[in-house]
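What follows is a group of structures, each given as structure tokens.
Okay, so chain A shows up in both of these, paired with chain B first and chain C after.
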Partner chain A sequence: MAVIQVERKPLTFAERTYIPQIIGGLKTTLKHFFAPTVTLQYPEERPEIPKGYRGVPTLVKDPHGREKCVSCQLCEFVCPPKAIRITPGEIPAESSSVHVEKGPQAFDIDMLRCIYCGLCQEVCPEEAIFLQNQFSMSGYTRAEMVNNKARLYELGGTLPDQHFKWDKKKAAEEHGNAH
Partner chain B sequence: MATEFAFPDSASKTDAASQEFQTEKMSLAMGPSHPSTHGVLRLQLELDGEIVTSCDPVLGYLHRGDEKIAENMTYNQFVPYTDRLDYLAPLASNVAYAIAVEKLAKLEVPARCQAIRVIVSELARISAHLLGLGAYGIDVGAWSVFLYAFEEREKLYKLFEELTGARFTTSYTRIGGVARDVPEGWTGRVEGFCEQFLPILEEILALLTRNKIFQDRTVGVGIISKEDAIAYGLTGPNLRGSGVGLDLRKDKPYSGYEQYEFDVPVGAKGDCYDRYLCRGEEMRQSVRIIRQAIKKFPAGAWYAEDAKKIFAPQKAKVLTSMEELINNFMIVTEGPQMAAGEVYFEGENPKGALGFYIVSKGGGVPWRMKIRSPSFCNLSILPKVCQGNLVSDVVSILGSLDFVMGECDR
Partner chain C sequence: MIQPAKPDLVTVNIDGKEIAVPKGTNVIEAARLVNVDVPHYCYHPKLAVVGNCRMCLIEMGMPAVDPATKAPVIDPATGKQKINWIPRPQIGCGTNVSPGLHIKTTSAMVKEAREGVMEFLLINHPLDCPICDQAGECKLQEQATSYGRGYSRFVEQKNVKPKRTQLGPRVTLDDERCVLCSRCIRFSKDIAGEDVLGFVDRGSYSTLTCHPNRKLDHNYSLNTVDICPVGALTSTDFRFKMRVWFLKQTNTIDTESSVGVNSVAWSREGALYRITPRRNDEVNDTWMADSGRLLYKQVAAEDRLKSAESLDALVAKAAELFKTSAGSIALVGSGRSSVEEQFLTKKLATALKASVALVSRTAAGDKLLISADRNPNVRGALVTGLISALPSARLAQLAADIDAGKIKTVVSVGEDLIAAGLTAAQLAKVSVVYLGTHANPTSIASKVVLPTLTVFEKNGTFVNQQFRIQKFAKAVPGLSGAQDDLVILSKLVQAAGGHETASEVNALWPAIAAEVPVLGTILYRNLPETGLLLDRSAWAGLPFVEGETLHYKPAQPAATATA
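Now for the complex of A and B:
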């Protein structure tokens, strides 16, 4: 529990002949030579992705197929590299979720700018944006690397929901006790 | 130690000979894309034959203006930028930054959060030193050290990935806590890593420590005296290698480091070999700290619950309660609310003392942030140590200083 001096002993005569080190080194390398390999043969073998991995950001729908994003633009605001661009729009009157009032007309994430930091997912008050398991993206043009709304929903799919807060709001409205 | 060469008198003293050989100093640019400069560092060397007569480091190839960027975003938005300071130990930089801002807010984080931060900092230290060691091995001609070190780093990256969601750019801390709690069983897996790591570390170090070839390249090369080390503002293993036992974890404990027992290794001579030995010993000490931290890993909150204006509320609350929803919007858009004032905090990072000097005029955005990066200060001694050495020794000295340009140029 203090300051200690690192040990520094002069080499013995045998060590100065290089021989013990050469033998010792060969022993170590031989041991590793016959040890099982740790390399992953990448495109064929895929790494196991742990839960909570921060991959490509995606938009998700709730189990009833309603798009969860209400275009509050909080993710657009917080995104450190400014990769997200949202154009808010209104929800058409004939839609069953018209009481949500707002949804994104356009939602673009520029994957050339995205740094996968996960702040968008963290701040989202609707659990609409998720960084999921996909980690490799490629494209031939810059335009290809911008994920638009359709692509984001395609990547995201549907995730389970625990709260269904908009369904609750609708039910409350129908019963006339909404705020 | 400067290498001295005695030229035969007959060659140097006759006018005829000097005219015939036309000896003049040669200027050589080593880098910015030289494998041994560990990043984009350019050394403008002036050579007299094989001997370096002057060495002028040229920095700034990786300059991004992080300090200015910090003035234009909230405190939490800057966390991903701290990953990219010392990108070999992003977790340690995250932790140092979070503690600096918390010092400004006069905020105490709970014991569990502190323990998590200590564990991740020490894991980051092991990871950074392993890379430093492996790259140093390559610099002086030992390949296998690098391979075995990277095998261990891969295991560490697996642990980081599970904890933070990313292998490399972790962005793990938030002001007032961390991004998420440790996953189920993670501490056990860290314990398991430590268990198997120690014998492998000894095996890796055994390849170099008593190796005559390695010693020939490092012993007595690039000696930094105690006085010089202090005068040039060296920190971290480079300072300790010169025999100064300064370790901020011991001298100005933060994040609960005072609870843990560990030793601070120092060198005797201050040469490349001493710096290598210090790094090796520091990894053993890091394992010691991690084991103690896991042994008494506290339960409870992993973020400061009372800091309502600093740490964003939990997701479940945001989704169900109006108050928390508004609070979430406020913290994200306005930033974690700080008092006006100035604060300086340094944390003991793998490369040395990483300091953040923050001037706040209140609100959620710093008015000015200065980052004191250890690599930058450590590099300042380069012109002095390189002088009089051979070109090949410059490679050895660079490797032993173990800097990272992301943090140096920031």
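Now for the complex of A and C:
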């Protein structure tokens, strides 16, 4: 194998003093004194969450306060890490949304399992589950890391509704039809 | 080319495939034989054909013949006999095969017809699949994926019909989902013999309802839920419990009577959710009584027996009793035990030199799928030689022996001795070793209680009233603190000084096949899911209590029930 000898160039005088390099470095540092800050004082300061961000999955209510989930269990079925566990149940007769018939008795999402893929949101036929802006989950025990139904609604809040399909159904049921 | 038909066979051509089918077969069944699916709602193989859903429309034609000479007309283009296609679609369910019949199930006309039917069916459908229990096993859902248009052209208001109607104690009706196929009406009228359902109103206002002052409360009402192709009729017990796609299906046998109805246990993660019938044309067709569907609840019942002690400690206690009372032991076997358990029970009786008695349970049969003999496996005890005569309802001989002081220990395999006619005083005179699943007066009075498993937690076979041996499989894991009956029995056999036996069904069967002549050629794993008829000639003279039921005629007029 051929060996190529490379002649190393000797340093100039200026280079040997290191001064130009130090000044160059200080210039870069000085520039950042006046440039806008790029870091955040987390956790006091929080980043702006971009649109379509996939944070912690949450359950939402419609603007009338009705829980949108009807416990069809499609999210439980589609969830790749099997993080979701639902106990379906019948909505009691005295409830104002008895016409929806079915709702979750229990709804648990194990955040130690969740991979934030968003398939639950994609599959939901009732637009009841959304991955929203909440991105940090922490706890001291495994049990704390399982979000139950109350916690999921607390995280989710209310989102606008495009359809109000169950309200329309109820109106039709009450109105009946010409017959 | 049309093949010459064999006697009683008719050759038809379905989508270009020729097949010989029995005369009287309709097009849906003939197509099924060549793996062609003809979608349908109202047609059911075990019900009368009404042809009102119009989903099974097919295109049909007959080979052309010259009207005058009856000579085949040959198509000059192909050199084959010309087919005269009927220019309008026909219903497959109502069309019986005839020689040379040609069927198209995939033509443009058929597809268009099916799409038209689907669109009309979906016009007033509430589309509430997310809350509908039928989702996942709904014909409307399945066929909407093949023939639905994906969006609705219907801009008017949908019909409103009664929802959440309680048709009876076990059935909930949602009329908006009904496609008016009338299967439930035909079932109630023709099979269950209780004509309680019917349609009222006309056109798109037609509504399924119960006759005034009647309820859908007969013991076969849940079959209407099974055959409902959509989510109109749903089971109140299963309502909103679990989506069907999560459930694992395990073949099992109904234990409520000697009919041996084939059924499926649906479970998820060790919990049972429902029992449905499984088709067996020789036993139960596609039906099952409601009472048998509730039996799964015994698995998670509060009064299940369980033991904190190890099985070996319990068996040692029993062995001690066997030793101290050797020669004065009686054994009460069970017509609810599986064939394998009865085989080991017999081994135990031989090892203990004990007398064996069975307890019969009889009640009036319903002439359909519940027979007079409410034990599922009395014939298994005959086949395995556990008993040689039919059991009686009361243990009179055992009671007399206890009173005479001849018996010191009684081993009961799941039989409540007090219910079988022994008094508490008699029971107090003896030591009882009880193998059972649930607490009862006998288990409370027992010296040694060995908790066993229910039929849903173990493998085994039953011999039904036709002497058909049918297997059931383990649907859910056994209760913690209880043991498989076979494990307990084989340990007891050893404790009693008998030979070591296998304690698992597959391992045990070679021994059973070797020792029981009628079962000589059978192995558990080779048993077909629909069961196998045994040679019953050896027991033909016995006065069995069963009267006539579906697919069963008693060999001789039934002896009047002794119960």
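Before moving on, here are some points about what is shown:
Assume the second predicted complex is superposed on the first by the 139 of 179 C-alpha atoms of A that agree within 3 Å, B and C clash if a C-alpha of one lies under 4 Å from a C-alpha of the other, contacts with A are read in each partner's own complex, and residues count from 1 in each chain.
We adopt the following convention: a contact is a pair of C-beta atoms (placed from the backbone, for glycine too) under 8 Å apart; a residue touches a chain by one contact, two chains touch by 3 or more.
Not measured: the values here are computed from a predicted model.
Of the two partner chains, chain B is the only one that A:28 touches; chain C does not reach it.
In the overlay built on the shared chain, the residue A:4 is in contact with chain B alone; chain C does not reach it.
More residues of chain A are in touch with B than with the other of chain B and chain C. The residues of chain A shared by its contacts with chain B and with chain C are 72, 74, 77, 125-126. By the touch criterion stated above, chain A contacts chain C in their complex at residues 70-74, 76-77, 88-90, 99-102, 125-126, 169, 172-173, 175-177, 179.
Put simply, chain A touches chain B in their complex at residues 1-8, 11, 15-16, 18, 20-21, 24-25, 28-29, 32, 38, 50-54, 72, 74, 77-78, 80, 115-119, 122-123, 125-127, 131, 162-163, 165.
Residues 126, 129-131, 135, 157-160, 163-164, 201, 205, 239-243, 245-246 of chain C are the ones that touch chain A when the two sit in their complex. Note for the complex: chain B touches chain A at residues 73, 76-81, 144, 147-148, 151, 154, 158, 161-162, 164-166, 169, 171, 179-180, 183, 203, 206-207, 210-213, 215, 245, 261-269, 273-274, 277-278, 280-281, 312, 315-316, 318-320, 325, 328-329, 332-333.
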